[in-house]
Amino acid sequence: MKKLINDPRAVVDESVEGFGLAHADLVTVSAEPKYVTRRDAPVAGKVGLVSGGGSGHEPLHAGFVGLGMLDAAVPGAVFTSPTPDQILPATLAVNSGAGVVHIVKNYTGDVLNFETAAEMAQAEGVEVRTVLVNDDVAVEDSLYTAGRRGVGGTVLVEKIAGAAAERGDDLDAVAAIGDRVNQNVRTMGVALSACTVPHAGKPSFDLEDNEIEIGIGIHGEPGRHRIAMEPADGITDRLMEPILSDLGVASGDKVLLFVNGMGGTPLGELYIVYRRAAQVLADRGATVERSLVGNYITSLEMQGCSISVLRLDDDMTALWDAPVHTAALRRGV
Amino acid sequence: MTVTLDVTWAVKWLTLSAQAMAEHRVELIELDRAIGDSDHGENMDRGFQAVLDKLAETPPETPGAALKLTAMALMSKVGGAAGPLYGTAFLRAATALGDAAYVDAPALAAALGAARDGIVARGKAESGDKTMVDAWTPAVEAAMAAAGDGDTLAVLIAAAEAAEAGAVATDPLVARKGRASYLGERSAGHRDPGAASSALILRAAAGAAA
Amino acid sequence: MKKLINDPRAVVDESVEGFGLAHADLVTVSAEPKYVTRRDAPVAGKVGLVSGGGSGHEPLHAGFVGLGMLDAAVPGAVFTSPTPDQILPATLAVNSGAGVVHIVKNYTGDVLNFETAAEMAQAEGVEVRTVLVNDDVAVEDSLYTAGRRGVGGTVLVEKIAGAAAERGDDLDAVAAIGDRVNQNVRTMGVALSACTVPHAGKPSFDLEDNEIEIGIGIHGEPGRHRIAMEPADGITDRLMEPILSDLGVASGDKVLLFVNGMGGTPLGELYIVYRRAAQVLADRGATVERSLVGNYITSLEMQGCSISVLRLDDDMTALWDAPVHTAALRRGV
Amino acid sequence: MTVTLDVTWAVKWLTLSAQAMAEHRVELIELDRAIGDSDHGENMDRGFQAVLDKLAETPPETPGAALKLTAMALMSKVGGAAGPLYGTAFLRAATALGDAAYVDAPALAAALGAARDGIVARGKAESGDKTMVDAWTPAVEAAMAAAGDGDTLAVLIAAAEAAEAGAVATDPLVARKGRASYLGERSAGHRDPGAASSALILRAAAGAAA
């Protein structure tokens, strides 16, 4: 294992400290318990947005703290959801009285820890709504599993719900638009290589030189099935098919196309995937109205990508376009 | 011979648990690597080190207090799925024990039952879903059965053995809860890490009483 | 070799095509000869900025085409400088009459090809100035080599010279500020792993599991020397020392600190490096006024990073802060 | 026996060069991988394929025209350092040959000399800098020496052999120009890829005349 780290157990501490130093104009970092808040939090009258999860997905979530997106991010250990004693103070810190929305990726750990924190916050008089993100179509039998995972769609939920909060939508409205984004987005991922969790010191799964994992999540867990390596167009088709059929994309639909790198894939390759995905959408008669290409929700140094398709309506598009000023996403500011 | 389970036992239990997590850290990481995200051993080790710190900081006066402190430490330091589940388990067990200074066999079995119920209440897993419940449920049943004789050590040994067998029995199962469930059929052929850590913790409870 | 590509020989074509599809609001792509121009080029009265080089460094250069930065980017084959028959039409396409600045990284191939194109453009009546970027302190004996390479500093030159052109500086002024940035920036890089050029199919060098390369360039060429793996703080110190001593950073200096990922390193690790680099600067009494952390000039999927330190003056800082709207860098728009 | 070097020879030379680049593509990539950026074989192969296309498109009428077309194709398709250097080399050689229909031994040696001078003018490398110059300079010297006898084939063979020896002689050198120079001492012990491709091209010139 070769990584730009010091003590494997200090990875999150030091990384978040560096993040705070680099973006002191945007955020404030609480070291213990660990969470990152927007520098001007709580913003008077504004619904607070809190998200969080295991570390190792950077820039998610701390990279999305700032105007027009999250008010707080709560980083757990690598690939381990944070604990209520982090989530609760983050929630309290961003509550201006207008209530707080928790954006939670659907994993047992995240759900349980945020649930506890929400209960505790409510006990302290803070109204909390939870938007559960579960956009991963790789999980098929969601009745017999922990349900679909929250993956790439999370970034879109955070941006759009964040913009809604920023324009002054109330608690229920912000939660509702978050839910609406989640209902209209589907994601599927592929890994060309595994990642290595620092404290584990070994790749999270073993892949042969000619194999890839289809339907991976974002925690280095193996995917749904393993196939022989293929050209990018074929892989893209495999990812697009379940996304489009599950979402029921029809001719005339307007969509946002998001090709996300898992951390170790060159940006140039993501554009090769984007090219094919855009062709597939054009073939379906859908119009790509907005796009996002890059490393936004990663799995450490994993090679691979995920594709998300979000069916847009006018309000979502306007909120997507709204100003945002965070470390990882910025426009209009 | 009936062993008296008091706060000394409880502290020793937690200390042995912490030792077991440190010793089996890599093994639990490996189990989680196979069907999860490679963190279970790290999380449990970090959590129980925090328990040791808390025990040193504010030595508890009753077994119930020791378990409550453990619940709080695990809840705030483990994270992931295991943190809240173990946190709830220890909290419910602590509540069951109340502030009694000594734990007799029926109270012990009831506390283990309460722990298991807490896990089920939070995680909604059923037996056979390939989770820590598959260690706890046979453990509780064995404890209940043994409790009649009034021998706390026997109760703990029965629970530990049943938990170990239960953990082994998760090997062929297809996961239906937790992160391993995403793997579908590919989760079969691997031991559930949470069931394995549960067996270690229950073995530590027996070890502390021996 | 596992990559999200189709035919290794179509990598640049397809990637640039995808880029054009994803950013049609910002750029126009010419497929043959291949170059990317700002959508509204030529901008009347504005000095044109053209850069280019081998592909595989994305988002550099096409990702920096747009308002406030480049007017055109000219992508060569992977790690191969582009040819005059691409550079010339790109230069002509962005010339509004105010002349064109070529920003050229100092490699023999880039220098020769841009030189030829500049001559040809001049023959067609376009005034061309060249800003040569050579910020890499890893190259020690520059008398006995092709000279220092252009690496991370290129991004800063493109941003700051681009802002100068956008505010209306004339040809000489834009070239002069580009040169000033180059004179005030130093960079040094490290590789934890090699990258694999698609057509080569093999890693560009072989590293043992416990070895790293200090002083790498951005083309997968081996570095100056090889050492045993070290903690991130030690590596950071090794990169900072030659940068700071060569640049002569003194107490009271204001600097921009740029930690750049080589493509395969998790963002979280870059912040660990940033943390240490910021400490080192603080120890010297320098103030980090601006920062940039992320994958901006990469070497395919190489793991590693480079650190650049730019000594700022007020004009450079203002130009750094000026609005920019490109695929990879955006603010104020 | 003196071979007549006409446009047929020139086209055959370029065709054999293209074949050599395709055949030795991987080898040249490997040489460049060791001390450069792994693209030389790919670039030369792409460039000479473009030369073949151009030759087919607009068949040249003189050796000089063939070399000029080659210069243009290489300049616009090779990129990197080698593109402009070979482009200049072929352009200068073409200029030296003018529009003569036949090339005699002195003209041939002079054209090779012009090519070499072009490379030096563009790249500023000296002998011993571990570049393609280290193949071209001995080749030109050998060609000049052989030219007196008037035997064009002998001139080409002498040039090819000297270029090959020159390329081999780059092995121990420390590079002082081009990308390999960044490696400093570590560049020693590897053959310069541009010197190797130069030797192949000059060998093809001899092969075309044989």
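Remarks
Going by the order they are written in, the chains are A, B, C and D; count residues from 1 in each one.
Please note the rule applied: contacts are C-beta pairs under 8 Å (C-beta built on N, C-alpha and C of every residue); 3 or more make two chains touch, one makes a residue touch a chain.
Here the structure is a predicted model, which means the values were calculated and not measured.
If chain C is disregarded, contacts among the remaining chains split them into A, B | D.
For this pair, chain B with chain D, the centres built from the Cα atoms lie 75 Å apart. The mean-CA centres of chain A and chain C are about 29 angstrom from one another, to the nearest whole unit.
With each centre defined as the average position of its C-alpha atoms, the distance from chain A to chain B rounds to 32 Å.
Chain centres here are Cα averages; for chain A and chain D they lie 54 Å apart.
Looking at chain B, one finds that none of its residues touch two or more other chains. Under the stated contact rule, the graph of chain-to-chain touches is a line, running from one end chain to the other without closing. Two chains count as a pair here when they touch; such pairs are A-B, A-C, C-D.
Per the touch definition, chain A reaches chain B in the complex via residues 9, 33, 54, 76-85, 107-109, 112-113, 115-116, 138-141, 144-146, 149, 197, 199-200, 202, 204-205, 217, 219-222, 224-225. Within the complex, the chain D residues that touch chain C are 29, 33, 35-39, 42-43, 46, 75-85, 122-123, 175-179, 181-184, 186.
Chain C meets chain A in the complex at residues 2-7, 11-12, 14-19, 21-23, 55-56, 58-59, 63, 192-193, 209-210, 212, 229, 231-233, 235, 257, 259, 263-276, 278, 288, 291, 293-295, 298, 300-301, 303-305, 327-328, 330-333.
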